[in-house]
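Per-chain residue numbering starts at 1, and chain names A, B and C are given in the order in which the chains are listed.
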Amino acid sequence: MSIELRNRLFEQLDQLVLIDPHTHINALDPSSHTLADILGYHYYTELSHSAGMPKELIEEEGISAKEKVGRLIENFGPITNTIQYSWFIEMAQKLLDFEGDSVTVDNWESLFDAAEKKMSADNWTETVFEKSRLESVFLTNDFDDPLEGFDTSKYVPCLRTDDLVFHLTNPRTKVRLLEATDTDVTDVASARTAIGKLFAHFTSKGAKACAISLPPCFAPVHVSDARAETALASVLSKGTAADEADQRAVSNFIFWTLAENCRAHKLPFDLMIGVNRKVFPAGVYQGQDLYDSRVSLIQYKDLLNAFPDVTFPISVLASVTNQELVSYSWIFPNVVANGHWWYSNTPTYIQQDCAARLEAIPRTKQIGYYSDMYKMEFALPKFAMYKRILAKVLAENFVIDRNWSEEAAVELGTQLLRGNVETIFDVGN
Amino acid sequence: MSIELRNRLFEQLDQLVLIDPHTHINALDPSSHTLADILGYHYYTELSHSAGMPKELIEEEGISAKEKVGRLIENFGPITNTIQYSWFIEMAQKLLDFEGDSVTVDNWESLFDAAEKKMSADNWTETVFEKSRLESVFLTNDFDDPLEGFDTSKYVPCLRTDDLVFHLTNPRTKVRLLEATDTDVTDVASARTAIGKLFAHFTSKGAKACAISLPPCFAPVHVSDARAETALASVLSKGTAADEADQRAVSNFIFWTLAENCRAHKLPFDLMIGVNRKVFPAGVYQGQDLYDSRVSLIQYKDLLNAFPDVTFPISVLASVTNQELVSYSWIFPNVVANGHWWYSNTPTYIQQDCAARLEAIPRTKQIGYYSDMYKMEFALPKFAMYKRILAKVLAENFVIDRNWSEEAAVELGTQLLRGNVETIFDVGN
Amino acid sequence: MSIELRNRLFEQLDQLVLIDPHTHINALDPSSHTLADILGYHYYTELSHSAGMPKELIEEEGISAKEKVGRLIENFGPITNTIQYSWFIEMAQKLLDFEGDSVTVDNWESLFDAAEKKMSADNWTETVFEKSRLESVFLTNDFDDPLEGFDTSKYVPCLRTDDLVFHLTNPRTKVRLLEATDTDVTDVASARTAIGKLFAHFTSKGAKACAISLPPCFAPVHVSDARAETALASVLSKGTAADEADQRAVSNFIFWTLAENCRAHKLPFDLMIGVNRKVFPAGVYQGQDLYDSRVSLIQYKDLLNAFPDVTFPISVLASVTNQELVSYSWIFPNVVANGHWWYSNTPTYIQQDCAARLEAIPRTKQIGYYSDMYKMEFALPKFAMYKRILAKVLAENFVIDRNWSEEAAVELGTQLLRGNVETIFDVGN
């Protein structure tokens, strides 16, 4: 009973045309050219590396796309159980007309060739958008991105700010800021001017969010201008040799300034909380980051209280933080639960986290899912995974456990998948 | 199969007459007079506030009960998914003969009027007790509560001690202590005397528990009398300006003294662990508290070892602490797992936590549920929610997974719901 | 549907002949002689103690095996709900031909007598191995174990190193080291020599792993030889009176030296992370340890990076750490998720943890289960519990949710139960 029920709910949710509110798509080159663009995704390279494939073999310079794909698929055996592998298969079936249910040394070449052919079509990106039922995708733009050469209503700009908050110690950041804003950041006032110009630029180009990823130890506080002044002087002159306290004060000052600009420009500020960078420096590209699950949203107490008018869509890296996210979204008007991020983007954790959110956070304050993808082809299988789990939770926890009608359940699912993205980010409506 | 099974188990558990071992009922005014008493519950005001309803609209002074209810129901749209909303609907259906399955701008007025009429009946409280199949409820009494004017076998007193442990810095607390005990607390000896008198008073009035809620940072240790003496002097003279170390020492001294009195008077000491007060000061009344899930029962190691003869029914605020509660209850004879508290009182967390307890804690050491209610009308839907989940866990994890008979499963459920309340708190038997 | 399906999967997994990769079996006396050996297991004594049975009654010196068993069974009432009790019943049914489904004051004596008779048979141990479908078991050997008098291919030695890392403060450890290695540990060089000899001895006897249990606060770092030298001098002369920093430096130095020897001898290094010893000193034998769930694998970052060639099968005590274990196994080639340990070895946590691992860790890097048993009779019911849960997860999360064939699901289960033990520990193949 429950299986037919959830299939019915899935079918309806699967008809929706969606907006993907967080991706790493390059608007100038959004989709893949060969399977190497697909399998070069860190979800595959890191799993293959973890399963024993040498980094040198994976990342060898100068090998052809076909060679790279062949090597990775030859080493697929140990990862066929993973949900990530299933994304690849579903993508191949639905977008590339692949008919098998596993890709092996025996059949990969024909798939590679077929993919290359399809992907070289002029309208390939359009085809992917259509088959994936996607209307638009949010980008992740460096602060000095010119945001030119693409349709910003389809590829929605989003100001990514990790460099500003955590890497002003790097002289290159100051140079990039100067080039992007014509402002030489030398003190608090010029820093404010430069950041204000970034926001003006981004919002003039249709940006719909500011975003940042944050380490577990970060606990933003307001610092006085005087403190910011000395800290900034220290960091700009000494770089990474600056006192840790000064570096922290600068991060806090910049972070607070970003929040002030989000308020002024009415931009939601996506907080992605919990990542430790380069925990495994010998890992493959983008496969080096991990986390410490000992983090709490209480660290954001001052921020959430200081900016009641800024909406903070929050993503947490570890599922053990999800209950805090539920509780903080249930109490703070400006906190929104946002998707299922990275290491929590696997079915078991999504199901538990999604169910807990659906029953205790106002339905208007939950963004169901974003793909976090680097290439357009991943939206389809990732959203499909989420929609199946959402359908399961709606079927079991609402229709069966709480006697909801199927229609009401689909309506709730629709709001999570589409409606809230529109209202929270002011897009597509 | 499993759904019929769990319905059968639920039907049997639902016949039980229960004692609610933790509520905030006012014995002199236990039930509601209008729907405003129901919807004024922080579970509704805080969700509506979180969903965007201004605090001023919710808490405006001088508006009528009907006006308040109307405003809240007009803003119900965003919270119809929540389990808290479902409590309201089930309460209306079962206690107020409401026939719909949603309360909207179109039907709320007639419900309001019908409710007011029913609630004004002389025997309304009795009716609620009967329909809810409740025999008695535990109260949460301030230490200076005279405990007069009500039947203490039906409204069982419970000494709440947060003020004593954490607010001796407030001069008002000292005055209240003097008024309640005729003892002027000026030093360790007089503090012991005063607290002893409170316990004598409460137990003479049939109190069956001492209770306290504790912040995540609290880690009780024994302090010497000499240390307590200087700390108490500092706190009594300087109030909140006293050294933090002194404040902590006083909290520890008072807390330890409470445990000594629990031992002397054979009272269980309910520990409700994990709440941070006033995290969101701009929140609605009672909708300002949150938590830091980074807490461990290891913080209570000294206490649990020092008082082997005191039973500690422990509630934890975050589900991530539940496994520790399971393990500590499994090892320490004096630890009992107590209900599903506040932010963990939602189906997904209850189910996971309940299942983990049922399979690893002795069956005599688990208190299934308490309502934590402020008005009598909430016992019915809250216990019903819990009983449905308990029936589900018993059906799936015991009857199906472990081949238990339905009879044995119901017996286990009965012990959690009723038997253990009797034996642990020495009531109703 | 799902129940028949999981039964079919279970039946197939239950046919496998297994190697148990972590036990506390005494190779010279592996199985029980009476039920007292079974019920003396801390899982029963601690639960009975927790449920109110006095320690003096449980551990009284000089009582007969029959008297001890009688006392424990008389007090079984409060623990019949626990999964541990169900192990006892299943063991009695499958190994002792017990026909009831509960052991009570009315029937225990005949069971005791029947058990004693069966257990006194010369081939009892062989019978248990056969009925349990076990081929061999890993031991937990003290570093000074001579490893003589038994078949090391059936009872596989494993070097347990807690004493070396944490108890060099105890003069007895130094004496035992001298006796075992003919090396008087007085400085860094002689410590290295002694440890090298232990590894040579153990590997010459067919040891297949080095293992250690670690407290939540441990965070291994490399210390210089100079630092180790002064710290070791301090610890060897002052014992537990040595500076805490010195004790920590010695633990780090020894721990790092163990990892170096694991690398040199190609031994996996089992890390069992999270236990606090003697939290409840008044508890029964082996029923005194608990934990602090606030622990993170980030504490092992330096170690994991420093020893890419050492395989670390990691067990975590608390289920809240399982997601980190999933993520670290997904990224680090040298991290393997290992079994379900102790307080996480109950169905609810196993199911959640197992499901999360199966969908995100390469299938080659997961060791499904070990029994941790002290007596051979426990392998059967403990593995049976795990196999039922594994079958449930494979049925629901793979066959139903992901359209896997039953054959593919059984293959994955087989790899977790048997294949990976062979490849990771280089045994049985």
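General remarks:
Going forward, contacts are C-beta pairs under 8 Å (C-beta built on N, C-alpha and C of every residue); 3 or more make two chains touch, one makes a residue touch a chain.
Note that the structure is predicted; figures quoted are calculated from it, not measured.
With chains as nodes and touching pairs as edges, the resulting graph is complete, every pair of chains being joined. Taking shared numbers over all numbers used, the chain A to chain B interface scores under half, which places it in the different class. Between the CA-based centres of chain A and chain B the separation comes to 39 Å, rounded to the whole angstrom. Contacts with at least two other chains are made by residues 294, 320, 352 of chain A. The touching residues of chain C, counted against chain B in their complex, run 3, 46-47, 49-52, 78-84, 86, 101, 276, 279-283, 287-288, 290-294, 318-320, 343-344, 346-349, 352, 388, 392. Taken in their complex, chain B has these residues touching chain C: 1, 294, 296-298, 301, 304-305, 308, 320-321, 323-324, 326-333, 352, 355-356, 358-365, 397, 400-403, 412.
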